[in-house]
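Each structure below appears as structure tokens.
In the two complexes that follow, chain A is the common piece, with chain B as its partner first and chain C second.
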Partner chain A sequence: MTKSEFAFIALPISALVAPSTFAVQYLTVDQAQRAIFPGKSLTAAPAKLAPAQRKAIEQASGVRVLHDEQQVWRVSGGGWFIVDEVVGKHEFITYAVGLNANGSVKQIEVMDYRETYGGEIRNENWRAQFVGKTSQSPLKLDRDIKNISGATLSCRHITDGVKRLLAFYEIALKRS
Partner chain B sequence: MLCIVCMKFRLAIAVSLLICASTAQSHEAIFAWTYTTDLTPKGHGEFEQWITPRWEKEHGSYSVIDFREEFEYGITDDFQIALYLNHHYVYANDDIPVANPVHPKRRLPSVYETGGEDVHAGHNPATPFGSYHFESVSFESIYRLLSPYKAPIGLALYFEPSVGDQESELEWKILLQKNWLEDRLVWALNVNYELEFEKEEEGEWERDGVFEWFTGISYRFIRNWSAGLEFWNHHEFADATVHEHSAYFIGPTIHYGGQRWWASIGFLRQLPTGQAFNQDNKEFAAHDGYIFGDEHEEYYVRLKVGFNF
Partner chain C sequence: MRTNRQIEIRRCRPLLGTFVEIQAIGTNAADLEAAVEAAFLAIAQVHRLMSFHDPESDVSRMNRDACHKRLRVHEWTWRVLKSAQEFSRNTDGIFDITMAGQLMKWDYLPRYGADSGAGSWRDIILEATNHVRFRRLLLIDFGGIAKGFAVDRAVEILKRNRVSAGIVNAGGDLRVFGSASQLVHVRHPAQPRRAAGAVRLRQRAIATSGIYFARTKERGGYVSPMLDGRSRRAARDLISVTVAAANCMTADALTKVVFALRRQAAPMLARYSADALLLERNGGPSWIFHPRCDTSRQT
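Showing the complex of A and B:
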């Protein structure tokens, strides 16, 4: 291969290897807290999972726990606010889950989403499917949660994430 | 004159890639050679630019740069069609063994001439050959039966006819995909069969068959970036029935996926474990365990860039 041919290949590659990350934050933690629990006061109560708890959550939900530390807030008058992240097609998806005092889902909010397709997971109708779900709910794509065209991976990972957080509530939060 | 046109053409492609790379946001095909079962969603489209340099044979000089521009469209979430253009630039000089005029099935020791699959019929083999050629237009359709995100394994069927002035072909593929570790570790396998119809000097069409399989494994090691390994095994059948050879290739692949564009680059090197099964291939293609002749080169690089819309 000649030098000019190598230059021809190297030129566009050099432009590709230094891409800028496209970061979009739809909601800050404070905004997500106010969206899910308007008018309530929240107190940070970060949780660190013991190995046995981690294992119990994985067994109960069938979903792998990626982080031992979980960002949790206790809500005045009962309830919990949890910020979590799941793997997206290319980047992590950050989302928040509000739980009622009885451990059922009050609301979920997508805080960061950077994927090509499937921005519809931020739509109220898709998120509303999670309202009232408990650790006893199936939380399976195409069963009790509808899929979104072109965003199957994101939909499945958010669904798995909520299932894992409901198991986390049962095992780590319920009796605290 | 021809070289100036080629240089301008290559410069235009490079500049267009640079412009697109610097203005587009960030998205996907995590392998350079192996297909996954991921498709363009319903109502969405994608433009892909492929550039594949391949070079080095047994002797002399042989280098080709294949170009492909592809337009994909999702008819449904599980059915995608695509139209693409295939063209290439080739330079060859003293790259293939010369047949013994007394025994045409045997080669003359240490004597070479200019030839190969991409050298035009009728070219004087005693002189170097350099030319750009528009090869063919292809139509691709992929139907996904199982999604790897919902079923234990992804499965899709692929069909592609291509029509060109020197060669036309029909290609079928079975695509398999299995994901692990929250879909960050991806394995894919493609089993392909291809019928090629090549135009001969006398105006006749020669039929060849190709059976090949590609496999790759890739891991998303940090956000947006995946890296992996690909393997390719190619079997050629003269007249689609006589097994001529089997060649093996392996190499790394790296992928960047962003929100609106993605890029993958892969390198394959032929392994010295090829096998020639008929006398022609043993004499003219096989060399120290490599398969060259009209079919293969030692090194392959492929850059794919995709833009979603």
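Showing the complex of A and C:
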């Protein structure tokens, strides 16, 4: 018999006033590579997009390309591993996509998820604080909020991101 | 290296139109990875069967063809249909999966064929096992109960794969298993990026419904995807409802009932041995319900 422990613990007013951030790091690049392509060796093959390629990707996917560099790894025996990020109004997500040798999606793993209140995410300085962060240098954010009940934001940004990456594959990776 | 050291892995994938997160605790990393992978596969399966967006899903097939002929659906789809019908019967139609037409009109769901008109859950006929027929043209959407069902399947698979404890969270519908209790934060109904507070859970599922992310303007007034099946009107209050129950599908379904009935939902909650928490616009609790008897009933 499980006795219910259901009791509401209200947070102090100060916790409500301070802007809060929910952030989790799920996987490092290395861990994501092993999760999607276990036992495979990966070789870095970063791609730089020419203006014409950017335009072609945008036209093919209907999604804006914000960066002209893309973190890509070539997988032994065929396939690609791509690390990408999407930024929403209140969210910042880094994720990895594994592509099979034929360009189909093998697996998607969220690597970092941050959700924040307020407009910080649009601010370049706010975003710059994440550059070069690894698991060895965890950000000091509210680590006590581990689980939230209640809708998360939709994953539409990732859906769009994957659409953009598939166009990127067609235009920049397929024949390389 | 000691073999009985507890390790935890935490993974997140975009599925069911949201972010699905699995945390699993065990003693062997490879076993944990395999168990979590199997759990994600089950969730992906629920996604494929019950997506309103995917034309090949059971839900889309029913919406297209079930008013013309008897359809065979997957056992899992059948189980969700049966539960949905039970919730509808027990709530006198407050809970109703046949309101997708209305949701489509307000752009909560993609436009899909013609509006379904005035049908209701009573027009869904469950025939022989795994077979269903609609008495008229209907558009159904499982909404949150499919998420809850997916969470329940994932937990079942993790347990079967000897994961000793963990949490599966599908966009805020979550379930905790194992001996330890977990603190789960609840969003502030009017400022959803802040936590209003937390509840402690052990071997239980929880779901929170609010309209904070979903409320939109429609012809001057606000609408939301939180519909009362009796009136087909949308909830407009910036409150939130949190329900804890033995399984996640039940918890999700009951949030809709408490949204519509508030305190009058007490008998329903008692029937399912569920707890409820109602948070008002200011983030304060206005009602907390506990079922009187034990809460171990598994449904």
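The working rule: the second predicted complex is superposed on the first by the 111 of 176 C-alpha atoms of A that agree within 3 Å, B and C clash if a C-alpha of one lies under 4 Å from a C-alpha of the other, contacts with A are read in each partner's own complex, and residues count from 1 in each chain.
Throughout what follows, a contact is a pair of C-beta atoms (placed from the backbone, for glycine too) under 8 Å apart; a residue touches a chain by one contact, two chains touch by 3 or more.
Just so you know, these numbers come straight off a predicted model, no measurement behind them.
Look at A:150: by the touch rule set out above, it reaches both chain B and chain C.
Legend: residue contacts after superposition of the two complexes on their common chain; A:158 is shown touching chain C, with no touch to chain B.
Contact with chain B, but none with chain C, is seen for A:114 once the two complexes are overlaid on the shared chain. Contacts of A:90 after superposition on the shared chain: both chain B and chain C are touched.
When the two structures are aligned on the shared chain, A:64 is found in touch with chain B, with no touch to chain C.
By the touch criterion defined above, A:175 lies against neither chain B nor chain C after alignment on the C-alpha atoms of chain A.
Of the two partner chains placed by the overlay, only chain C lies in contact with A:35; chain B stays clear of it.
When the two complexes are overlaid on their common chain A, residue A:26 makes contact with chain C while staying clear of chain B. Comparing which residues of chain A touch chain B with which touch chain C, the overlap comprises 1-2, 4-5, 8-9, 11, 15-16, 19, 22, 90, 115-117, 147, 149-153.
Considering their complex, residues 1-2, 4-5, 8-9, 11-13, 15-17, 19, 21-22, 64, 66, 86-87, 89-92, 114-117, 141-142, 147, 149-153, 156-157 of chain A touch chain B.
Touching chain A in their complex are the following residues of chain B: 7, 10-11, 14, 17-18, 21-22, 25-28, 40-42, 44, 51, 53, 55, 63, 65, 74, 77, 91, 147, 149-150, 181-184, 220, 223-224, 256-260, 263, 265, 301, 303, 305, 308.
Contact residues on chain A toward chain C in their complex (touch as defined above): 1-11, 15-16, 19-20, 22, 24, 26-27, 35, 90, 95, 107-110, 113, 115-118, 145-155, 158-159. If you check the complex, the residues on chain C that touch chain A are 10-14, 17-19, 21, 33, 167, 169, 171-174, 181-188, 191-204, 206-210, 212-214, 240, 242, 244, 275, 277, 283-285, 288, 290-291, 294-296.
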